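These are the structures, in structure tokens.
Look at the two complexes coming up: subunit A is in both, with subunit B in one and subunit C in the other.
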Partner chain A sequence: MKLKKDIAISDSGFLFNPSSGDSYTANPIATEILKYMQSGFSNEQIIVSIMESYEVERSTIEKDLFDLESMLSNYKLTR
Partner chain B sequence: MKRKKKMKPCYTIAVTGLNAIDSPGPGVPVIRSLKEASSFDVRIIGLSYEALEPGIYMRNLVDKVYQVPYPSAGTDMMFERFRYIQSIEKIDFLFPNFDAELFNFIKLEQKLRDELGVRMVVPSLQQFESRNKVNLFEYGKNHGVKVPAATLVHSAREVSAKLVDMNFPIVVKGKFYDAKIAYTNEQAIQHFDKISAQWGLPVLLQEFIPGTELNVCGVGDGAGKLVGAVPMRKLYITDKGKAWAGVTISDKKLIDLTRKLVKETQWNGPFELEVMKTVDDKYYLIEINPRFPAWCYLTTGAGQNQVESVVNIGMGNDVTYFRKYETGKLFIRYAYDMIVNMNEFEQISINGEL
Partner chain C sequence: MKKKEKKIYERPLIRPLNASISNKFGRRTEWLPLTHIDGIPVVDLINEFGSPLFVYSEKKIRDNFMMAKRAFETRYPKIQFAWSYKTCYLNAVCNVYHQMGSWAEVVSGFEYEKALQNGVPGDKIIFNGPDKSKHDLLLAMKNNTLIHIDHFDELYLLTELASSSKSKPRVAIRINMDTGVYPQWDRFGFNYENGQAWEAVNKILMNDALDLVGIHTHIGTFMMTPSAYAVATAKMTELAIQIKKKFNHIITYIDMGGGFASKNTLKGSYYAGADAVPDIGEYAEAITSALLNAGFDRNNLPFLYLETGRALVDDTGFLLGTVLANKRLADGRRATILDFGVNTLFTSFWYDHKISPAQEMGHYAEETILYGPLCMNIDVVRDAISLPPLKPGQHVVAQYVGAYNITQSMQFITFRPAVVMIDREGRSHLIRKRESLDYVQKNEILPSHLKKLNW
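Right, the complex of A and B next:
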């Protein structure tokens, strides 16, 4: 899943969608994942990167990533 | 050899709309933009209708204030008042900021310029009338822009008759201000009674378009070119539906729509478009206000001092045609209690000047 190009994400996890004027706050893990998405990482690359940095089961990341993607899609932040 | 510094002209500019209640006038934000103009300096003459308009007492923004007659007094009274004011001041440019006064000022435009030397940049009477909300549906058809279907009513009985052909909810609108959503026949009649009592007849019944309301503040140069346009989404809305906070957004389709309208209509002067964007990305034009909106200072904050451009158009100077603006700029309005001496209130109340 790809984020819309013009979405601005700050290091603190603040998202701004300039086409709608909506803003959101993301927790630190979500912010990290969003940054990976912006860098063009695939889902597999995101899962591997998170597993390298945190002690977490793959199934947990997969579920969280799925939830995050549904939320992003719901908020029309993806293309 | 030192280059000579170019002298900036200093214009005396009169501004109406100094009220700043929960549905504020655009006067104060227009003045703030004028004060930030880089191509000229200003002396501000405030024009007020009532002694309690807050802008009258903002001495850091307004140099002198004159009370002027209500629009209902007619153009002759208004012109005579201007003749008096101009015998003291030398007003170069005038910003009318109310819908209700614009008709008179458009009528007076040439006379004010030729006889008193006061310039304005206002739409023509034909432009002003054709975008009137009572004519907007036709206007949309003529210019290829989607506009919600609407019908005019003059009596409560007529409301019931017209509603037979419409689906609820509908929007009941006053000819100048106010809009309320009605979900039933009874509600529609209640809204009609209230709005017609306050703003007169006719009242408009308009199809309700669900979606996100977006607004554009812009300026047309009268020759079909867009001088500037900044779209904004309201983030906080008062119970009167007025923006108390908003943010500039990036919306190419909306800018294209604005450019198209300005080109088609050869719009002259400032305007505000109220547009409803549906979930399937269709844009419906809800209203065109023929003047700057109260949030116009946001355009200056976002890099387009459109107010300055309007003065330069009127004064025949070089005009900046803006191509970009900063997205993600917010305005957040606030209320502020000024302490005013009774003698100031007395002066404007008794003498009509301060």
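Right, the complex of A and C next:
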């Protein structure tokens, strides 16, 4: 899944969508994932990266990544 | 080379920031965890006794009772509390109150027998309610119990029983009245304004078969207005004084019932319960001021009986539970499924219960709907609560659940959970076992022609 190109993400987890004017807040792990997405990581690469840094099982991050993507899509932050 | 330590994982979460008009009634996010109850880790309680699990704090029960007792006894010299069995009739809970001097207030033959079995002397039981069988009344008469008459049919039956047994049971009449709050509770007892109460008094005192020792009212439930108690007390005292004038008969006690609000948050309330409900001292002030100002002879002040239940016990009970699963609803809302639902936490039908994580969590929260485990659409514990992202297997604690859950919870779809009491020394005691299939089926009888299955 790809984020819209013009979405601004701050290190503190503040997101701004200039095309709609809407802003969002993300927790630290979601911020990290969004930055991976902006860098063009595939889902598999994101999962591996998160598992390297966090104490988490693959099944959990898979489910949660799918959920996060559905929310990004719901908020119209994806292309 | 030292292995890199991994960070604690928390579910990724994003939510929109709404720049709408600020809501001055906004509720706080429930990210503050409740990890221990009276010094015992929640996780240890669940590991030992299972999940879900009700936990009562004996210390809190005693502290609350002493606070209420002080609130009334510092304002009025003759006070007697009676523990409202229907609020929570676990024997261990009842006996904490009885050890502290509280009598028993019961509303059925079942509760009456329970109080007797708990060791409460018959003359220290107040028998209320519209359902007292002939058997119940005869037993209550034998035990010199205070019988609070609810309706004329009961008055006539009791008069008949008393006349034939040649005993003179001690009775009170229950009175309902307009105290300025809506809806008026007029279902129980005799009405004050339309003369029914006087009619009952006349019948009792003219007949002489019953000993009218008290008058009783219970003006409502979860009453947020202490001034309603002042109105009710003034009407009750007026009746007692007029009875003395008309019949030269002294009413020895006025029972003001219960109905004081707990710290719970009623559904639809703008404020959280803890910020909105009156302190017990405010109820005490309203009632005792009206009593002291009524004009009783100071040597013949009536006793004030109180049957408060909810306000004493609600915040002494906790329900520990476990997250079963998370899901995303079609409209994007987050849903978390817990292992307790409306079957166990019956009061979630009318309260927005305070539900806290039982472990340290991050401060990012998401609006969540909390479902119970039942395969039923009505099984909603909280329809909107701001909680940190909980994972399956993590624990939560529902607070202020001590009143009306043990007594009203349903054995529905699954078993009712165990109940534990933590004593004042911080030791946990199992006071009710989790139900089992044998327990639930004990009273079932399968007809012989249905025993054989032909697969």
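Everything that follows uses one rule, which is that the second predicted complex is superposed on the first by the 79 of 79 C-alpha atoms of A that agree within 3 Å, B and C clash if a C-alpha of one lies under 4 Å from a C-alpha of the other, contacts with A are read in each partner's own complex, and residues count from 1 in each chain.
Methods note: a residue touches a chain if its C-beta (ideal position, glycine included) is under 8 Å from a C-beta of that chain, and two chains touch if they have at least 3 such contacts.
Please read these numbers as outputs of a predicted model, since none were measured by experiment.
Engineer: If you stack the two complexes on chain A, which partner ends up touching A:L68: first (subunit B), second (subunit C), both, or neither?
Structural biologist: The second partner, subunit C, only.
Engineer: Where does A:I29 make contact in the superposed view: on subunit B (first), on subunit C (second), on both, or on neither?
Structural biologist: second
Engineer: Once the shared chain is lined up, is A:S53 touching subunit B (first), subunit C (second), both, or neither of them?
Structural biologist: A:S53: touches subunit C, not subunit B.
Engineer: According to the stated criteria, A:S39 is in contact with first (subunit B), second (subunit C), both, or neither; which is it?
Structural biologist: neither
Engineer: Return first, second, both or neither, reflecting whether A:A8 touches subunit B, subunit C, both chains, or no partner chain.
Structural biologist: In the superposition, A:A8 contacts subunit B only.
Engineer: State whether subunit B or subunit C is in contact with more residues of subunit A in the superposed arrangement.
Structural biologist: C
Engineer: In the superposed arrangement, what residues of subunit A touch both subunit B and subunit C?
Structural biologist: none
Engineer: Residues of subunit A touching subunit B in their complex?
Structural biologist: Touch residues, subunit A against subunit B: 6, 8, 16, 18-21.
Engineer: Sort out for me which residues of subunit A touch subunit C in the complex.
Structural biologist: 15, 22-30, 33-34, 50, 53-56, 60-61, 64-65, 67-68, 70-72, 74-75
Engineer: Please output the residues of subunit B touching subunit A within their complex, sorted ascending.
Structural biologist: Answer in residue numbers: 212, 232-233, 235, 246-251, 327-328.
Engineer: Which of the residues in subunit C end up touching subunit A in this complex?
Structural biologist: Subunit C reaches subunit A through residues 6-17, 19, 326, 328, 332, 362, 364, 389, 391.
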